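Quick heads-up: structures coming right below.
Each of the two complexes below includes subunit A, the first together with subunit B, the second together with subunit C.
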Partner chain A sequence: MQQISASLKNAAKTSVWTPFNIVAGIIIAVGLVLTVIRFTGGLGAVTNLDHHTPWGLWIGFDLLCGVALAAGGYMTSAACYIFGLKRFHAAVRPAILTAFLGYALVVLALHYDVGRPWRLPYPIFYSQGTSSLLFEVALCVFLYLTVLFVEFTPAALEWLGLKRARNLVVRLVLVLTIFGVILSTLHQSSLGALYLIAPSKLHPLWYSSYLALFFFVSSMFAGLSMVIFESTLSHRFLHHKMDEHHLEQSHGVAISFARAASFIMMGYLFMQMIGLAADNDWHHLTTGWGAWYLLEMIGFVALPAFFFALGSRERNLRLIRWTALWAVLGIVFNRLNVSLVAFNWQLPADQRYFPSWMEVGITLFIVTLGVVAYRFIATRMPILYEHPDYREQQEE
Partner chain B sequence: MEQAFFTLQEFMTHTKSVVYLLMAAALIGLPLFWLFLTGRDEKKRTF
Partner chain C sequence: MGITRRQLFGWMAAAGAGALAPGVAKAAAGKHFSGYPESFGVLHDITHCIGCRKCEAACNEVNDLPDPDTPFDDLKVLQDKRPLSATAYTVVNRYQFESASEPVYVKTQCNHCLEPACASACFVKALRKDETGAVVYDASLCVGCRYCMIACPFQVPAYEYDKAFTPRVMKCTLCYSRIREGKLPGCVAACPKEALTFGRRDDLIKEAQRRINRNPGQYVDHIYGRFEMGGTSWLYLSPRSFSSLGMREDLGVKAAPEYTSGALAVVPMAVTAGVVLLTGIYAIARRREQIAEDERQAAVAQTRARAEEEMKQKLTEQKKAADKEREAIVNREVEKALKEAEQERAADKPAADDDSGKET
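Moving on, here comes the complex of A and B:
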């Protein structure tokens, strides 16, 4: 409690009118206006969605990219608690927080995207469509968001000084981690499998019977890259909040994660080639779509994999951090290609979907909410440092 | 570049052959890539 009052006093001393606060404030204000328009005027008032493309930017970016980039939570906690790699311990809490906020914002974005958001709990509590992939995704996201919330609570409970509750939750960590890995395996792949229903709509270079596998494997290196990228931002803007333990481990985390991401990316490249070979899609590579596909595979998978490898070999943190941003952009590129660019590829240009500025505005609003929430939590709770009362316990 | 296949048998024989070759390339390529990744690591003393 003393810590809370101290942080409140510190907050009162610093000026509110920082460049970050002003920009974030403007985006949130515009987002709130767009939110009112969305929920009073309906989807048609703010989106360019139509019967050809009922899933637009909010699914392609907010949901598919949000879930993929939140994979750092299960990757880091599995490495630390299941594989016993305790040298990654300092990365667990920031990764769990990023994943928790990522999934929370995915659910928030879904409220905007579905026609009747008040029916979101229906698939879980009212009418289970057990033969539907969407039901599986809904159930997994619902359960995994709960798991992530519980995994995040020790930091909040330490901040609030609730020792007994915190110690109780910490005992559940291993079970929660195992549960989280199982749920992530299920829904990361199911998100790709959703597109298996549209073989005639998705371009053959992106359509494959291995789509589920592609989504799951790419989520692994997306999560690892995101942990490195998020750590880079934390070092830049929240360096004063990091303790020695965190700073000591962070270099090793970046180098090891870069190495793992590089190896998985190379495996992913081989899987993509096998996907092409199994459907005999090679002839598409010589078309314009082929050039776009090769840009994704070479420009956003093979090259980042090579630079991750070079960075981890040379122990070049600067190279690793820039490559992490590159790989994160690559995942966004891939998910947007599957859900928007290569979807309905055969339609004439005037019938193709392009998001309206209001859809982009809502997406920016949701991302900004995530950044503001992360900053709010990381500056107050023991995310980037260990709480002095529990330091010895965590070193064990 | 596009080949004509007259039967499913032909198609499967062709695509499976290429997949098997790629699998062999992966089985050789990935361990070599791992050696490249870990090439500069200090070797663990086993004595």
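Moving on, here comes the complex of A and C:
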């Protein structure tokens, strides 16, 4: 602990003008300006959204990718607390933190995207449209964000020294985890199910009555890959914050998660094939859209799955880490394909949507907020190390 | 983790009861709904339309929409295909075919589905199917998520993207408030060529069929909107294939909610089954841990017992050995003492013998 506070003091002494801070500062400043434009000039002032494409980058990336990449939270906590795989214990807190921040930022992004954000509580508290998949999404986001917040609080409470409150929350771990896993399952799948209502707009290679299942299963390996990827970044930039326990476990976590991800990705490929067979979409594979689809399935699922398998077999951490980044990009590719590329595929090219630089700016702004918040919390609270006062109790 | 079995069952019961409450599945159960009885609709006979845009003008006026950039009597705008927009609930487009000298004009607006995709997609019930047949929008509930626009297979709802504080979804209302007053929808009242016929939907279907039967060769034998997407309140008759007039014929006859009802129906089951499954997995994992722990302890106890046994045995042996040794020592000492005593006695005796010998 002394070491940590000493290094904190050192950090405080060093200049704030680090490259990271400068870049992050610029992005946030631009983001704030764009925020003002968005909320004074309306959606039309910053976005390229139009009559045919009401959902753009903010839904395709900020919502769909944000939620998929936050799946590490439920995967890791389920593995540790429900399946009893205690050797993943050190990975739980960073994963929960990522998930919590991810979901918080998804909600923030939605405030930019919907027309009247101050009414966002309406579907839950005022007028429930229960026949809508979006209602399920809203309910799950709301409940799961709450669960993630509570799951995250022990770290904050330890930091603040509130022992009794912390111990109270820790007692809820199991029930929170079960609740969180169920909410995630529903939530991940319902994001895919959102598109079920538009079979006439989404290209048949991506539209399937199994869309909900595809989104859920792909979120599993998205979450696993994200945990590996993010731990790579933490090792690089926050190594000094990690304790023995974390360092000792992290290699095992990466290797096990890579193996699990590889296995799930293989299963996902077969599910996709069943989807093609169910709707008899094989003939689309020979078209340009088919090539794009195959690029996604082979280039961003099959190959990463193979390299995950190879990496875990040979215990090659470098390979696993690069593959994790690859798989994460694959998920982004998939979600953007469903929401933007293959959506409205029949529209003539000149009517298709492409995000404006300001939409990209807001998205970068929100991602940057997430990274800054993660760094702020991980350098202060017991995320990558165990608080010495609670080391014994962790074993429960 | 300090959780008793009783607590665990309590939570399971609570979660199960919670799952029963929402009734989400029922709301979207995909039963075929053939419209409110006696509900209204409009039959658009495309062969009668002359592209005068009077319906557009009337619509604009009735709904207090902003003035257009070019006046409604300017027919040059027909050169380009225009989509519906936040300022135009209805639009007439011209289709020119090489095989025919006369162009074909088609009016578009909300088709007022019997089971609207937009209404089933709205997560605040801002859109609903009215008993008049109109699909009605309530801006006071709308959050502005625009999922209705994603859901609509006809690309009807438009959005006021340029408004910062009060953006609305904009679409044809079928003039339902005028209908309730006993008036015709604005566009129907304004049409000079009877290309639009207002009436009960059931009657309109019969009328459309009659026109097809009476005028062989003039119409394609299909009433668009009768079955498309589960049926719409607007119906169309056309001289050519509907797809050549920008109307999709690949939408199918399933109403939009049928595509999502399955996914929604799974929800309560997934919650319940999820709780049971996950609690079960946890219980198994924990039991396994418990058994491993018990076995470990048993093994430790056994080892300890065996060690103790061995120790005891060793001790007894040692004790025995010690006893033996002690006995041996005692014996040796006794023997020694006896021997010494013997020797002493023996030493005394010869001396006496010597004496006696000398005497003889």
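The working rule: the second predicted complex is superposed on the first by the 382 of 396 C-alpha atoms of A that agree within 3 Å, B and C clash if a C-alpha of one lies under 4 Å from a C-alpha of the other, contacts with A are read in each partner's own complex, and residues count from 1 in each chain.
Criterion: contacts are C-beta pairs under 8 Å (C-beta built on N, C-alpha and C of every residue); 3 or more make two chains touch, one makes a residue touch a chain.
From a predicted model like this one, the values you see are computed outputs, not experimental measurements.
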Notebook entry, point to check: In the superposed arrangement, which partner chain does A:266 touch: subunit B (first), subunit C (second), both, or neither?
Noted result: first
In this superposition, the partner of subunit A with more touched residues, subunit B or subunit C, is C
Next item on the list: Examine A:134 and indicate which partner it touches, taking first as subunit B and second as subunit C; both and neither are also allowed.
Entry: second
- Query: Given the touch rule stated above, what does A:372 touch, subunit B (first), subunit C (second), both, or neither?
  - Reply: neither
May I ask you to decide whether A:277 touches subunit B, subunit C, both, or neither, giving the answer as first, second, both or neither? first
Requested in this report: Figure out whether A:28 sits in contact with subunit B (first) or subunit C (second), or with both, or with neither.
Outcome: neither
* Answer with first, second, both or neither: which of subunit B and subunit C does A:178 touch in the superposed model? => second
For A:238, using the defined touch cut-off, is the partner it touches subunit B, subunit C, both, or neither? Pick first, second, both or neither. neither
The answer for subunit A against subunit B in the complex is residues 259, 262-263, 266-267, 270, 273-274, 277-280, 282-283, 286, 309, 312-315
Subunit B residues touching subunit A in their complex are 1-3, 11, 14-15, 18-19, 22-23, 25-26, 29-30, 33-34, 36-40
Within their complex, subunit A touches subunit C through residues 39-45, 47, 49-52, 54-55, 78, 81-84, 113-117, 119-120, 122-123, 126-138, 171, 173-175, 178-179, 181-182, 185-186, 189-190, 193-201, 209, 212, 396
Within the complex, subunit A is touched by subunit C residues 1-3, 11, 15, 22-24, 27-28, 83-85, 117, 119-126, 141-147, 149-151, 153, 155, 158-168, 248, 250-252, 256-257, 259-260, 262-264, 266-267, 270-271, 274-275, 278-279, 281-282, 285-286, 288-289
